[in-house]
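Two complexes, one shared chain (chain A), two partners (chain B, chain C).
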Partner chain A sequence: MAASRGRRLLWHGRCWFSQTESGVPSQPPDSLYPPIVASATAKSKAAKRRRLEHFNQRVHAAASIEEKLRLYGQLQRPKYMLYPQTFALNADRWYRSFTKTVFVPGLPPRAAAAAAKAPGAVAPEAAETPAGAAGVAPEAAKAPEPGTAAPEAAKSPEVAAAAAPYLDMGELRSLACDALLQESFYQNKKRPFLYRDQDHTPGPFLTQLVSTLAAFLCGRNPLLAASSLDLKPEVNYYWHHGEEVVVHGHRKGRVDPVRFQIDDNPHLQIRVPKQLPEIVPLESDLGDVPVIDHKPSKLPLFKKQYENKVYIGSKVADPCCYGHTQFHLIPDKLKRERFVRANLEDQIEVVYRANGIASLFAWTAAQAMYQGFWNEADVTRPFVSQAVVTDGKYFAFFCYQLNTLALTVETIQNNPRKNICWGTDSKPLYDVVEDGSVKGFNDEVLLQLVRFLLNRPKEL
Partner chain B sequence: YPLFQLGGPQLRIFRPNFFMLAVRPGVPQPEDTVQFRVSMEMTKVDIKNYLEKIYNVPVAAVRTRIQYGANNKRNHKNQRVKKPDYKVAYVQLGQGQTFQFPNLFPDKEQDTETRSFDDFRNKYMEREKQRQKGDPRRGGVPDWFGL
Partner chain C sequence: LFQGVRQAQWLTKTKLVEGLPPPVLSIIDNPAHQLEDHEEGVKRAISHARLWDTTEVAPRREHYCPVLFEDLIHLCRLMSVKYPSLTKRMLARNYKISATWERESILLQVRGLNGILMNSMAPIPPVASKEEILATEEHVLETFYPISPTIDLQEVNVYKELNDTGKSSFRDGYPYSHPHTLFFLESANIRPNRFRPEQLRAKMLMFAFGNALAKAKVLYGNDPKVLEQPIVVQSVGTDGQLFQFMVFQLNTTDLVSSDGIKNLVWIDSDQNLYEKAQCIPEVKKRVVMKPAGIYGFQPDTFKKFLALYLHGTV
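What follows is the complex of A and B.
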């Protein structure tokens, strides 16, 4: 038809519209005239709305997930690059505002809830979680659960003794100490090169520890047996949040969404074929999201234009498409000693929190996009992942629940959902390694790590 | 002052010949950020030490940039006149301190005398304007136009 051919030629200049329009509804048979709609090429707000609507329909109607991701990230424009491991001050507050995340200190009371459900501790799987609850009850701040955990505490010592064959702390402790001593004491390594300390000892120790623990706990957690352990994978996510006016250039004066991209390289990652269960219901509200009223570039944050990538660590066709746990290693630039020397002790925890929030948001959101959700089609079930951020000695544990992907200006208006991140402060795993032995080993940290690895959906 | 030997008491204080000017930021800045115009030869370390040692201000981070002064204006001889370059430093304060640039020209509250004088002046100006305009029944046509 002449009208549609003319439309295609007119739109050819914009990269969005190089294909024929498929979103035009067919004429109802009873009307003689075509439907009266706003122009698609005029320089007007109605025309812009119609073009956006057409783009949304194209993404909704995409045939496969790869096609959907390709259309979602097709238009390249300058965007802010977010680095999960950053030296910027108070970065976790900014990242919470960009990702609409609520930070709750302490880990969620999943283990204690399981203990409350199984009072007699009959089932062997439930037996190890009261042992974990007894170990963790003094640890993090879990307000509702101590009341129910206290009557359990009387029963749990004998339950813990009965659960000892199931969760042998001695065995796990020896595994961890072996890995640590092998990397730092027994193996003859040359002195590390300048600023390569983290790759020298803590990196290999973390890899060894996680692989041996995962292999050891395979029998207890069948999900780990079907999991995939990635070494130094790549995780990317691209999203829009908020609006700004373009300052320089040929597009000066136009209102644009603020684009962000996270390109993260965790040290290790465990991907599983089944999703972890939700921690709290989808619509829960556990706190407030900080509001930042000035431009993101004051963080400091810089803009660049390159490929808009969304990636979880494997391609879409991989069966292990859900995330389980990520392990991050703090680089040499962000070590504790440097912050202490610069009188910035309060920023040490900020580094861990910012890393946890940004990496986990990118991972869970990319997992959600792999299932076909995006900011116009919000998630119908929450996506949960865990992360451990460490610098070799100090471990901090994070848990993230993605409740919403709708962060753009139009979709955020009527969206009461917020993403939630639980996290702990960093605790040392050991005090010092000398003379072939590990002094001051902290069992609680190891127990928390083991509990993270044992996390699995209820059906298994 | 006695001659200084290594390890002896430091009795003289040397102050640098730099000056830092705190300015109001042109664009909104985060609460803990203060904007300064500093000498072109100062570095980030210099700025940090200057504020910490002389003014006891805890500094967490400093970022600097050099603002180029334009060279477009022309004087009466058509020579280009350059506006001088200057260095801008964005200082983030430590220990959770915040800073808001004060409003140096607040509106003075008016007492009855100035208020009544202002009212009288406004009324007088309105009356003068009305007189200049002429008869409103003529619809803006000047009074010399006619038979």
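What follows is the complex of A and C.
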């Protein structure tokens, strides 16, 4: 007995023949015999519990984050692969149930600090989108002309350099139009390869747009100045949720957690060294998580066994370990025209939503794991990230707050917290590009993009 | 190109000057530009590209070379806070160039996908003074007899002399019409697939010349003549660790003869950004000899990179 326990428990606690025992007066006298605990190797539920507890202790006591991640994903078993960009019908409902996410349409109202900068003059914009801007109101510091200047002030910076910084919409619009025109009109490229339309024009346009906007706005947002821009990074996350019985194989009949893995490749992502502020408090309840009675494989989802990766875009040693914004490009397979032809117009928005929810959950959860949290050690502060999903013309904006990582069967029972995702429908940025000019440019979408990029913690 | 830069010089009728030209050096030396503040950022960029950017232990050159380039350009672009005219730049990837010229009765052409081009709305002012340009008249282009200058060049039957960046790459009315800097990334994994530094410099020279020539033909027409307003195109080539900087000034399009005014090129070669990037700690006999990290960081290389980027707007 002593030998089997000795593998796990420290020796000096068991040597009741030694003299050190006498120096511990609080021990009751019946500790002459070691405590009777369940076996660790027997085929019993108690033994399984003990093994699980031992595993949890090992992960808790891991020396470094890399070691913790290594132990967390050490055991490889078949798992469901979740694809954020999927053609499955109503995938966003399924993804919400796998990740315990509540979806709130529309974007969250911005923090009070931002609202204080634009006291009352953001009326036209506030009517259109619920999010007030950080510094967009050019007339914020100019009391005399709040009402009349509001409609035009967004377009032309006639207001002399005020103390409060204002955003030059004309400049931003010209940047965006230039990027668009260069990629689609001016640069002579070969014809796009078959089914690779997205790499030909919208991909480079998005890269250009984001890099020039980020450079333009980094004076406004010091967080961007310390940020790291990744092109086509990899984001992975592995988690357990729910239980199932193993169907076939040598482990048939055993009860196993359902394992999921997301392997995502956003087009572009911005990582920052400081975390974005929380949008709502940790314990808020803004809706319901859908419950789906079917097996995940009915979505359709397929199982595979391979390395369990948790990765945000760079390794743990990188100082930019928090996420700011991701940009996703919808591939050719999921174009709007294809859905329209198949009479599935309502699924177009589902594609954007599923992409936003799954990618952001993976990213924020991986960020949380990089800080040492996991499903037994739940997050103590919410992790917030943003994403923009686009197909080159239509843009949809998402905002995600991770409140809990505890999704396994044992930890989800007493866990009232839910993750929250805010999102918009997809809106076009422009109507058409012809003859060297952009027709029907939509300032609202650009403004929302700029607001996303300007998001920063309150201290900055 | 077999003889490297020497051959390229003969083909483009260029005189070589070692080091970077005075205007660029003055940008580097000017403390007002605060080039030193970026050291931290550059170190982070190198570590990110070489150490942290992959789920494997060490990233491959195909992966880290473009990532390092993107990070450095991102750092340079952040300077547009101080210099708003920097936003008037546009990067064009997968850019195609073709330019033709005659050189002592041999018709030469430069064509192809040449990396990444950065365009700007305003041209770079000429870096050499008028006296220097006139002084090149006496300079004799070195030939390497008996090796023909066209050795290692592919002989092709060209039926259409395509000539300008205007028609073949960008349409008319493009606002960012002046080529500013060309970037070449030697990112093949295997060493034989990469260009040696000498050949890389020659390639940079040829393409910079091609771009400048095409722009000259657009601006001044097809007749060969001496340009009153020389055209300057810069070029940066790297393999992820070693950087080659080049500034090319096109003084004349009269390239048939070997006499007269020559073009000028300033080359600063083989600048190391860092000595070694250790991905896993080097351990001998259970003792860590060298922990993981970047060794031998040289800030001057990035200062030159940034100075070339800022050249023309400050």
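To be clear about the criterion, the second predicted complex is superposed on the first by the 377 of 460 C-alpha atoms of A that agree within 3 Å, B and C clash if a C-alpha of one lies under 4 Å from a C-alpha of the other, contacts with A are read in each partner's own complex, and residues count from 1 in each chain.
Here, a contact is a pair of C-beta atoms (placed from the backbone, for glycine too) under 8 Å apart; a residue touches a chain by one contact, two chains touch by 3 or more.
This one's a predicted model, so the numbers in the text were calculated from it and none came from an experiment.
Aligning the two structures on chain A places chain B and chain C side by side, free of any clash.
Applying the stated contact rule after C-alpha superposition, one finds that A:Q401 touches neither chain B nor chain C. Contacts of A:T325 after superposition on the shared chain: neither chain B nor chain C is touched.
Counting the residues of chain A touched by each of chain B and chain C gives the higher count for C. When both complexes are overlaid on chain A, the residue A:S211 reaches chain C alone and has no touch with chain B. In the superposition on chain A, contact of A:L89 is made with chain B only, not with chain C. In the superposed model, A:N375 makes contact with neither chain B nor chain C. The superposed three-chain arrangement places the nearest Cα atoms of chain B and chain C 35 Å from each other.
In the superposition on chain A, the residues of chain A contacted by chain B and by chain C do not overlap at all. Within the complex formed with chain C, the chain A residues making contact are 171, 175, 178-179, 182, 185-189, 204, 208, 211-212, 214-216, 218-219, 224-226, 228-231, 233-234, 236, 309, 311, 313-315, 317-320, 436. Those residues of chain C lying in contact with chain A across their complex are 41, 44, 47-48, 51-55, 66-67, 70-71, 73-74, 77-78, 80-81, 86-87, 90-96, 168-171, 173-176.
Taken in their complex, chain B has these residues touching chain A: 27-30, 32-33, 58, 60-61, 63, 92, 94, 96. Against chain B, the residues of chain A that register as touching in their complex are 89-90, 292-295, 298-300, 343-344, 346-347.
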